[in-house]
Each structure stands twice: as structure tokens, then as C-alpha cells.
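Notes follow the structure.
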Amino acid sequence: MSEAVSPLPDTEAVPVEQRAASQAAADTILYMDGVSVSFDGFKALNNLSLYVVAGELRAIIGPNGAGKTTMMDVITGKTRPDSGQLFFNGSVDLTKLDEAAIANLGIGRKFQKPTVFESQSVLDNLDLALKGNRRVFAGLFARLGKAQLERIDEVLERIALTDFRGQRAGNLSHGQKQWLEIGMLLMQDPELLLVDEPAAGMTDAETEKTAVMLQEIARSHSVVVVEHDMEFIRALDCHVTVLHEGSVLAEGSLDSLQNNRDVIEVYLGR
Amino acid sequence: MLLSNDHGRLLSPLGSRITLGLLLTVAVLVPLLNLAVPPGSFFHVPTYLVSLMGKYLCFALLALSVDLIWGYCGILSLGHGAFFALGGYVMGMHLMRQIGDRGVYGNPDLPDFMVFLDWKELPWYWYGFDSFPFALLMVVLVPGLLALVFGWLAFRSRVTGVYLSIITQAMTFALLLAFFRNDMGFGGNNGLTDFKELLGFNLQADGTRAALFATSAVTLALGYLLCRWIICSKVGRVLIAIRDAESRVRFLGYRVEFYKLFVFVLSAMLAGLAGALYVPQVGIINPSEFSPAQSIEIVIWVAVGGRGYLHGAILGAVLVNYAKTYLTGALPEIWLFFLGGLFIAVTVFLPKGIIGSLSSLRDRLPVAIMRNPFQREVPGE
Amino acid sequence: MPALFKVFRLRLLAALIVLLLPSVALAGLAEDLQALTDKSNAIKAAAVESLAADGHERAVPILQAFLAGRLFEVKEDDRIVIAEDRAAGYRIFDAMTGEALGEVGKRALRKVRINNRLRQAVKAGLGALTLASADPAARRHAADAVFRSAQADMIAPLEAALVRESDPKVAARLGRALAATELATADDKVTRITALKALEAFADPDVRALVSGLLVTDGEGQPAERDADVRAAAAETLKAIEATLAFNGVIASIFQGISLGSVLLLAAIGLAITFGVMGVINMAHGEMVMIGAYTTFAVQEVFRASFPGAFDYSLLVAIPAAFLVTGLVGIGIERGIIRFLYGRPLETLLATWGLSLILQQMVRSIFGPTNREVGNPAWMSGAWEVAGGLTLTYNRLWIILFALMVFALLMALIRFSGYGLQMRAVTQNRPMASSMGIRTGWVDAMTFGLGSGIAGMAGVALSQIDNVSPNLGQGYIIDSFMVVVFGGVGNLWGTLVGALSLGLVNKFLEPYAGAVLGKIIVLVVIILFIQKRPRGLFALRGRAVES
Amino acid sequence: MKSVIRGAIGAAALAVAVTGGTAAQAADDVIKVGVLHSLSGTMAISETTLKDTVLMMVDELNKNGGLLGKRVEAVVVDPASDWPLFAEKARELLEGEEVAAVFGCWTSVSRKSVLPVFEELNGLLFYPVQYEGEESSRNVFYTGAAPNQQAIPAVEYLMSEDGGGAERFVLLGTDYVYPRTTNKILRAFLNDKGISDDDIMENYTPFGHSDWQTIVSDVKGFASQGKKTAVVSTINGDANVPFYKELGNQGIKAEEIPVVAFSVGEEELAGLDTGPLVGHLAAWNYFMSVESDVNDGFIEQWHAFIGNEDRVTNDPMEATYIGFKMWAQAVKQAGSTDVDAVRQAMYGQTVPNLTGGTAVMNANHHLSKPVLIGEIQDDGMIETVWSTDKEVVGDAWSDFIPESAKLTADWTYPWVCGNCEAPKYVTAN
């Protein structure tokens, strides 16, 4: 969708006290306030507010249709919010930027379904993601320097794909593709990583390995993980936000949430 | 040290070496066999074959330009014939100006069709075409500019897939109708014809034809090299990435629209060049080159040869056009059955086209396993 | 015996008179009839006038036969006969007496030639003779013929006819003829000005032609009408008529736009299924339309050969026949080719293009390369004269109706039938549908068959307004794609709205820009529109769209 | 280096394959004639008939002993309504097949496309369709009508008392050279006759135009301005059927607004119910309905050849017939198929028209033919209502276009030129 959707002022959705961007805390890397999105009458996000602090590892859970993926779409510029505020690093208004600009600001994203460039090699995939000049004419004459090659090797090591360097990405196993995508995120070296269901379809061993990988990454980046798998969330051991029907239902540690009545009702009730 | 640009491998796959070798050989051999070998000898190539093969080479260049955007970037243009035709018209305008007062009405300023339709003076957009360098510039600029405007609008609004294909079709259809109009000043349905000479050489002389043929072959070879150079560069890999997963590329921070625009404009320019080489060899340019059916045929050449293989596009163009030449002469009443059948058979039995099927055959051989795992692979080769 | 002689002479004279009286008339008839075969059209025209003026009872059949091209001369004895078509030749009747003369071969007769000038004369003559006909349609035609001829001696018969006329429509036509005749022939100004006023009620092109004829100036700047008052009245009448005509013109444009839109809709709706719903870039769609049109031709051939009397109903048979034939062809194509290509939409483009070449050539081989005649049934010929200058042609009206009916039926089928449910299930989620026990292969084949069958029905409609030739489909394929894409792929309502709006835009542009430029503008508008809404008029918005 | 050698072998193989595929051995006892008519694509609808006509004529010639004691063989190719392909096929016929003459082309653009080829290779083309004139090539014989053999007589007829005395004209045409030129000539002619530009409406539509609602309404409007109006149609090919259908349905009667067409014959009407169109006119040099013994024979021969009694004959077929007969006579007279000898023998060659009288080939490569005007009948035939007293000489250059009025086409000594203001050679006297 590319056309700018005219903001539909939703009287209910607009928060009573409008907080200006400058008032956001300096260490808030992602500031979402009162964001609403609707598709043909269906409210995918309903007055959603969420704040992520720099360096934080945050997990987001919620049942199907809670708006997790739409939230990611909004942050990365794929979907324009109908209303609400969205700031990155305190002052950059994300609602005015497109995907490429947002990516270049330092927000990386991993999709729900592993999306790597299947017809290209693992090496090429990482090379494409490597932080650098994204212009066409630079690309025509670009060369990989020694430092960059070393960086690639380092990431290959981290995602355990060193031996698959020259393989077509399409030939990798499902789990390996997930890692490759995480590796691509690392190559981008973003300030904020949005990771959508990294453990989906993985074996237990792979899941464990992935959790370790993310924790490691979280040491140097802010990470937001969307996940279904409670075991995995537990392994991440971080602050958790529960989404329901497009807004935040509860927040806190996993243990506290597991005793929250609302959360139990949403997951088990009905 | 590995390069991000793989230009060292520009010629490494067998296909490209054969292609270039062939092109350069025919560029020398065919004119030689035409001019130096006496008629009647077994090795003599008659002039009509020179022109015919020259025409095939122009089509091959056109197919190459389509493969560049379709095979490598996933942009299916069903209107590429428009760029070809525009290049052709530019060359046609230059050739018309070269006629001077040798037209049937002997008017030194106006082409015959303008005299005929009562035009009093040369319209402004015909100015400058007497100059060959200017015309040559326009050959790439006019199609390039149209592609720039059209592409900028389309790619910026992220028109993709069939929507893009259909509006490219609308574009060429609109141009077809526009060029049909006699009021446009491009000769209407009859188009531009009755050319006399190019750069002072008589277009009907064997030498000129041979030279045009050689030029076409060399241009095609250069075009091929240019395309390979792009494909082997990082840009090439971004293009393939766009073809395979466009939104992923955006989230990596690439401005997909600029990449698409770059390759689309370049492709349009190559198509324009092909058109410009085509016109002096066939002797006429008229609006039927804009017809959507023509553009669809170009896509079919590429599909038959093998989408995503540059030499496949060349092979497809030559093969399908040769089949057309042969069948319309040998089986004039039923040739469409064969051609139509060929298209269906290729899609059903050789979904990757001829080259694609050949190379997947090659991939199945044990040799493939032995290949150096660290060697970069350009998808499609 | 002078007395006896005298008596004898008297008797002879009486007998002669008795014999001669009708034969004077008969001689006149024979002379006029003979004059009809003259080389000079002027003499022929005079003969027609004289025939009509004499009012002999044979004049009407003779003139009617002359008009219909059924008046012949027997080559052997130059006798003039009226002929009726028979399989082997003609059945002939003596023109003078109506006596049957048996059957002769076509070569034995020489046609009595007629041309436009004579046709006009004959119609005028027949008009005068048939004002009192029992058939209201004939009286109406007669009134119109008199309107055109505008001869002074018709005023009295017109007035008489007007008095006894019971049909109000015919009475109006009589009034129009009377006013026109008075305007043309009356001597006094007042009658003529009154006639002009009366004509204001009949705002049609013929009346406008008549009235503006008064205002035309000749080479020296002299107006055709010498009387300034009549000219002024004529100018006023003309103004009133033109205002009505202009209003009717707008209505006509709307009608024409909807009509063009309905043609586009018919052509596109099948594609909206095969392309829009199934994702097959079906370049052979136009050929399905063409096969539908040829099916119509074949059905009509059967009717012509076996049931000539029921020819008017041939289309009612052709519609289901075309649906079945093209539907089966479509199923065959789907099973034979398309099903191997799902998930590779661009390859379907290639294969169906090859297919379209084959189908065109096949039809060319079977039916020949030239146009085939598809007749219009009587109920689709002619036009409905709603008001002056506003004639809605019946074939277009029926096609609009037909298009909307097809659309409604299709929507109902998809929405309410079990098959429709399965089809929607398969197009939305194939693996899920398959796992629920829906035979997806069957549904695919049926859906492609349905799209093709609808294209075939479109062919029946198009055969009524366009060439039935192997190229028929080529003319519609691009427009069809434009409509589907403009409306939004996968949305049938979009196709409806898209088709009608493109039709209307085209027709409103045409008077200003001309047909070619108008079409170019529409194409450019589509291109620009797609920039604004990259997924057409009725695009789905949401997450599912881009996945 | 190895790859380059491999490439060379491949190239040579390709070249041989291409040559072997198309070059044919010309046997000594055969005279070849090329048939260059589209058998597929948009023009197949019209051109296929002409291909069959040539085949029929060849057949007849062979039955009568051939030509110069040799058998005549027709080489049929399909240029597929693709104009550059016409040039390619022409070259193939002349250079590859070495045909003695070519019968072909329908559209002007196809003729323009092959013209340079015929001139370069000194071939012979017989072009059988009415066209816009403004051309006289040494290598082409034009057996169809020039504008002065169709348009002017037709308009004169419309203005006459018999034709209805039209004073206002609508010129409808397909947007290409033939209608544009014809209408330009007609406008000049009408202005000459005192009809002002206000009384002339010109309208052009694209090829294959199928929606005539607006234009037919416009014609009705234009005709209701108090003057007798006639329509001159140069609408081409496929667009005619929808045009006439609309005309019939909107009730435009021939007595009120007669339409005279130059590209409509029995063939074009074959797809139509002509009941509502009776009286509309066509101007051409031949109608199937013309009664003459030669015509009856021709129609019979055609029906026998094509195996279908319903097929009609038309003007371009007659033009093909005349062209073929003339060529055969010229070959006999020249005693050879040599192009230059045959060309010389062509001038003054006569063939009886199917409609009576004789067609004569003039030194400007155009024929003298009678002009007929016919009215459409309800059986789809066109019946002659008027004809010229004697044959009209086809003009290569129109007298009504100032630039071309001064040009002369005469390929005999001393002119020897298709477009000259003065003879090439000065006569010695």
C-alpha cells in the first residue's frame, strides 16, 4: 500500500493527553503513542502505545490477530497508521518515512516467514545486508574490503553457517534460513531489531540456540521479539508485553503475566 | 580477495564465452562470406540473408533488454516494443532528413508524406535530426526519457506484477494509436520509409548492409557485455534480490524504485538502440511496431530461450524469428499451428526455456557437485 | 337499312366505350409500367408519379414490388412481372393483372432497376396511396413519406386522414406531415407561421432540417425563405428544437457510454474470472469470445437450413450453445495446459498466447478467413425512438440488458451456490480447501470453464455489432485487460464499475477529442490512475494483499 | 581461444542452416510467380481471397499448356500482416526463389515496405487494390483504381440529379494515407464545384474502430441542417461491418443520407444483413452482379476452384485477374520472363474487363478501366446504377494536389520516369 491514508480521527482512540515528541524520554529508542490502523473497518491496531528503551530486549506476545505483525509493519513503514505518533530515537518521526529510509535509520526487521534471497548464496545474502552505501551507482563499482570480509566471516561464525558460505540460501534448512536472516540483521548493524517469530518451525535444539543468539545480540542492540512460544520467551528472560485486539493488555515479567487474570482469559478463555 | 563486484567472472560461464565468440565471429565472417566470396560458391552468403540475420541480431538485442529487466529484476514489460519503435522512429527521422530533395516531390525541406498532407513547414520536433550525432543521442535519450518518466511514476507508486505489465501495455497501445494519427507528423500508418542513405552510404549497397550487420553484431556483443557487467556487480545482486523478495530488499534499506528505474531506463535505451539498428536494415518503421502483440512476442522470445539467462534471450530471439521466417515460407497456411504449439510446448515441457533446461541438466551431472563451494554463483547462470 | 346501321353503329360505339373506358386506364398503366424500364431515371420518376396519381388498384402492388426490387422483365417477351423468391428461381406474376405465370430460372429475368431517387419517389407515391391503410405502421410510414414529399395536393387527404385517425401516435405523425406540407406549400404567411409553431412539438432532426432549410442562404446571400416574418418564426422554432435536441443529445451520450461500457463489461467479465480470480493471464480470452461468435454463426446456419421460420429465436439457442461450447473448450484448455502452470502466472501468458494463435488459425481453417454473416433477429434490429433525435438502438439496449443479466447471474452463482463457495475457498486458500475435501482440480477446471463460457456468451452479443472474423477477439483483449485492472483484479464489482465508467468517459470525450485521441486520453488516464491506486478501483486493503 | 573457435563453427553452421532452409533450386522447366498476401493477422480477412485468385489463375494457365512451354508454379508465402515481414518475404521471393513476378500486397504500407526491395532487385509487383495514387514505380504495375477512377466520379454522381443532388458532404475515413489523400482531393474538387468548407465534415477513426454510435449520431446532426447531405466513406476493412450495422440500426436511409464507400464490395458485405442498407452506394471498377459472359465464366470458375457456391467475387479479384492475364500475355509477347523485357511488353497490353470493355495498361503503370457506381441490394449484392461511358485512365499523380499536378509518370521513351516535370531524354526531331 503506498497511498497516504488520510488520518481518520478516531475520537476514542486519541489519548486525552497528547505527549509531544520532545517530551519523550531521551533513552526511549521507540516511542509509539495512540497508534491506530484499520483495514476495511477491522481495527488491527487500536490506540496502541508502546515504549522501548535503548538496549532493551522486549518480547511481545498475544493471540492471533492481536496486531503483532501490523505493529511491526507500522514501525518499519510498510503500513501507515491512521492516527497516532511514532518516534524513533526521540525525535525522528517514522510516520513520514518509507521502508528504505527507516531501515537506513537503523531499524532492522526479520519476517515471520524466513525471507532470504533464495537464489543467491549465503555470502551474497550477507553482502547485500552489509551496512554501506545503498545507492545504485555506488553498487555498480562496489568492492568488498578486507574489513568487511572479516565482518562477514564473524557473522557467519555467529549464526553457525560458516560451512555453508557458498551454498544457495534456498538449499538451507528452515532453521538455517532463520539464522541467516538474523545474520543479515546483524550485517545491517541496526540500533533496533524487530524479530517476528524467530523460533517458528524450529527443533528444540535450534530454538535454544536461537534464544542464545538473540540474547547475545541484545547486549549490543535494542531488540523487540514477537513470539508465540512461551518456552522461548522464558528462555529470553525479559520484559514482556501482551497485545490483545490491537492494544496493550498487560506488561511485566513473564511470571507476573502468567498470573494476570486478563491474560489468562485472553489465552484460555472464550 | 573476493570482490563485491564479480567482474572477474564477466566471461567465466561457458555460455557467455560461446555467445561472445559467436557474435564476434559472425560479425566478421558473414560480411566476409557475403562480399568476398563470389556468388554461386557454396560459402557465399546472399545479401538477403545478411539483412535477415541483421534483423535477428536487432531482435536479439531487444530480447536482451527485456531479459535484463524481466529475468533479473522481475519487471515484466509488455510494452517494450514501444522503446524499440521509438529508437526506430528516431533513426527513421534521421534517414528521412537524409533523403533531402530526392523525394518524389523534390521538396528539400519536407518529407514526402508532409508535402502530401499539405504541411507547410517542418514541425519543430523534427529539427536537429539531420545531424547524425544528434540522432544517435536521441536514439537512446527518447526511449530513456519515456522510461524515466513512466518508470518514475510506476515504481514510485509501487505498481508491480500484472498491474505494471498491463499499464506498460496501455502505454504502448496509446503510443500505437498516437503514431497512427497522421496529425502527429510521423507519417501515420505508413510510417517512415523510402530511405536512401546513411552517413553518405547507399542503404541498398551490399557493403552498407554488411557493415550494418557487423555493427549490429558488435553492438549486441557490447550490449551483452554491459548487461553481464551489471549482473555481476552488486547492483545485479540487488536486482535479483528485488526479483525474489522485493519488500525484504526495502527493509534492508535499498531504494528499490531507484534500482528498478536504473535498470528500466537502461533497458529502454538498449531497446531504442536495437530499434535504430533495425530500421536501416528493414527499410521501414511504422506504428505496428508499437502494437501490444509485438511486445508480447518479445517476451516470448525471452521465455523460449530462457528467462534469466542473457544468452538465452539472444538464442530465443534468433530461434523464434528464424522459425517464423522458415515457417511462413514453407508452411504459409498452417505455420501458426507450429509457432503456437512451440510456445505451449516450451512452457509446459521446458519451463525454464531452452538454456534454463540445458543448464539444469548440466547441474544434475556429478561435475556440479565438484564445483568450488566458495565460488560465487550468479543465479540463473 | 340506315336505321339499323345507325343502331349498329351506336351499339358498336357503346361497346367500344364500354371496352375502352377501362382500357384507357389500362393503357395508362401499361405505358407507365413500360416507362419504368426506361434507361432514363427522369422518365422512370415521371412514371412513378403518374402511377401514384392514377390510383389504379394495381399501382400499390407494382410500386411495392418495385421498391423491394421484385419487379422484373422477362427477357423473352419483355413482359413485366412481379417475382417471389423460390429455391430454384422465381415464381412470377403478371404485373398488370396479378395473374400467376409459373416459375422461371433467375437468368430468364431482367431486374427493373431502381435507385435512391426513384425510391424516394416511390415512397412518396405509396405514402399518398396508403394513408388510408388498415395497418397503423403503414399509415405511419405513409405520413412520414408525405412529410418528406410535402406536396400541396396532400393537404386535403391529410386533413381527412387526421380526422379519422384513432391511433394517437399516427395522428401525431400526420399532424407533423400536415404542418410540414402547409409550411412548404401554403400561400399565406399566417398559416405558415402557425405551421412552424406546430412543428416545435416535433423536435427531431428531420424537422430541424426542414426548418433550417428556410434559413439557408444561397450563393448571393439570398435566404431561401423570402418572407422576413416567416424567417423570424423559423429562427424561433429552430431555437426551441435545438434546445430539445441538445438535451436529448446528452441523454444519447449517456446511453452510448453505458452501451460501450456494457460491451466492455461483457468482454471483460470472463477475463475477470480467469485472470482476476484465477490469476491466469489469459491471452486466449479474446479467442473464447470469437469462438462464441462463431457458435452463434453455426447455430444460425442450422436455423437457416432447418427452421427458417424460427430464425428470430436463434440467439436464444446460441447463448447456451456458446456457453457450453466455449466452456468445454475452456475446461479442455485448463486440463490440458493451464493446470501444469499454476503458480507461474507469467508462463500462462506465454502458453495462452500460443493457444490464441492456434485457435485463430483453426477457426480460419474451418470457417475461412472472411467475415461470416450473423443475422440480427427482428427484435434486435432498428431503434426505439424515445424522442426526436433520441433513438436508442434495440441491439444496444438488449446488450446492456444482457450484460447486466450475465453479471447478476454470475454474482448469484458465486455467492449462493455450493460451487461458488468452493470456488471462493480454493482461490483464497488452496491447501486448506484441498484438505477439507474440495476437489481443487475440479473447481479449477469448472472456474476456467465458467470464465470461458461467459466469454463465449459475450461473443454472442458481440456478433450482433461487430465482425464475425478470426480477428474478432484481438480487438477486445487489450480493452478487457484494462477494464479488469482498472476495476481491481479479483473484484467483480470493480469490473462492473470500471467497464461502465470507461465507457462513459470514452463517449463523453469522443465529441471533443475525436475517437482516436479520446481513446489515447482514456489510456493515459488509466496509467495515471494506476499510479494513484496501484491495485485498481476496488482494491483490497490489508495485510493479506502483499503476501 | 577454444571457445571462440567453437563459436565460429556454430556461426557457420547457423549460416548454412539458414541458407539451406530457404534457398531453392530453380528448375529449368518451371516459371515461378510469388504470391505475397497475408494469410494470417488482421489483413488475412481480405488478402486470402487474392491468394486463391492467383492460384486459380496459375491453375488455369497450366491447364492451357503453361507459359513458354513451361509450367507455372506459385510460391506462396505468408507475410502475416506484418509490414517489415513483407519486405523480408519480398526479398526472399526475389533473391531466394528467383520468381519472375510477384502478385501481392493490399495495404499501402505493405506496398511502401516492399517497394525499395523491388526497385533494388528489379522485380515485378502487381498490386491489385485501389489506393491513394501519388506513386509510379518502374517495378510496380497498379491494377487497382487510382483516386480519379473512384472518388471523383462517385461524388459527381452524388451531386447529380440522379444521385440526389447532395450539397453537403461528410467525409468519413480510417486514419491512414488513402482516406487522407482521397479526402484531400475531394475537398479540392468540392471547393471547385462551389461547396464551401462549412458544408464539409471530415472525420477519421482508427483501424478496426467498432463503436460508431457517436459518429453516426454526429452525421445525423450534420445532415439536419437543411441541405441534402451525403457521406463519402473511405472506412477500411473490418471497421465497415460495425459501421453499417450502426447505420442500419439508427435508421439512416439511403434516400435521405446516402453513403458512398470506396472500400466496400460484396466481400465486405458478406458478414452483414444488408436489408436496412439498401440503396447505400459503392464506387468501384467491378461488381459481382454485373451481367456479362466473361463475368459469369469467372464466377463459375471461382466457385469451382474454391469449392463453395456462396463465395463472392470482388474488385481486387478482378484487378488480380487482369494483372495476371496481362503479365502472361506480356511474357508470351516478350518470349521471356526477363523483367525488363516483360515491362516493355506490358505497355498497351489489353485484357477484356469482367464488366465489359477492355482494360489497357498505360505507360504510367496504371490501368484504364470503367468506373461503376452501385447500390447495395438486400441480398448483399451491389447493383450498378451508373457507369462511365468509357474507360477512365488511372492517374498516378492527382491533378487536385498542386505539388503532384505538375508531375508526370511515363515509363516509355522519352520520359522514362515515374515522377518528372520534364522528360529524361530530349526527343530528337
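Residue numbering begins at 1 within each chain, and the chains themselves are lettered A, B, C and D in the order written.
Methods note: a contact is a pair of C-beta atoms (placed from the backbone, for glycine too) under 8 Å apart; a residue touches a chain by one contact, two chains touch by 3 or more.
Values in this document were obtained by computation on a predicted structure and should not be read as measured data.
Relative to chain A, the most remote chain by averaged C-alpha coordinates is D.
When the C-beta pairs in contact are tallied for C-D and for B-C, the bigger tally goes to C-D.
Put simply, the C-alpha centre of chain C and that of chain D have 30 angstrom between them.
Per-chain Cα centroids separate chain A from chain C by 65 Å. We define each chain's centre as the mean of its Cα atoms; on that basis chain B and chain C are separated by 46 Å.
In terms of their C-alpha centroids, the spacing between chain A and chain D amounts to 72 Å. Contact with two or more other chains is made by residues 157-158, 177, 180-181, 247, 333, 336 of chain B. For chain D, residues touching at least two other chains, in rising order: 39-40, 175, 204, 206.
Residues of chain C in contact with at least two other chains: 360-361, 474, 516, 519, 532, 534, 546. For chain D in complex with chain B, the touching residues are 3-8, 10-12, 14-15, 18-19, 21-23, 39-40, 76-80, 82-85, 87-89, 91-92, 95-96, 107-109, 112-113, 115-117, 120, 134-135, 175-177, 180-181, 184, 204, 206-207, 401, 403-404, 407, 418-419. The residues of chain A lying in touch with chain B in their complex are 2-3, 76, 78, 98-100, 103-104, 108-109, 111, 115-121, 123-124, 127-129, 134-136, 139-144, 146, 148-149, 165-168, 184, 188.
Put simply, chain B touches chain A in their complex at residues 1-5, 157-158, 230, 233-235, 237-238, 240-241, 244-245, 247-256, 258-259, 262, 372-377, 379-380. Residues 41-42, 68-69, 111, 113, 115-117, 119-120, 123, 205-206, 208-216, 219, 224, 245, 249, 252-253, 256, 259-260, 263, 360-361, 364, 368-376, 381-383, 389, 391, 393-396, 464-471, 474-475, 506-507, 510-511, 514-516, 519 of chain C are the ones that touch chain D when the two sit in their complex.
Of all residues in chain B, those touching chain C in their complex are 76, 150, 153-154, 156-160, 162-163, 165-167, 169-171, 173-174, 177-178, 180-181, 247, 292-293, 296, 299-300, 303, 333-334, 336-337, 339-344, 346-348, 351.
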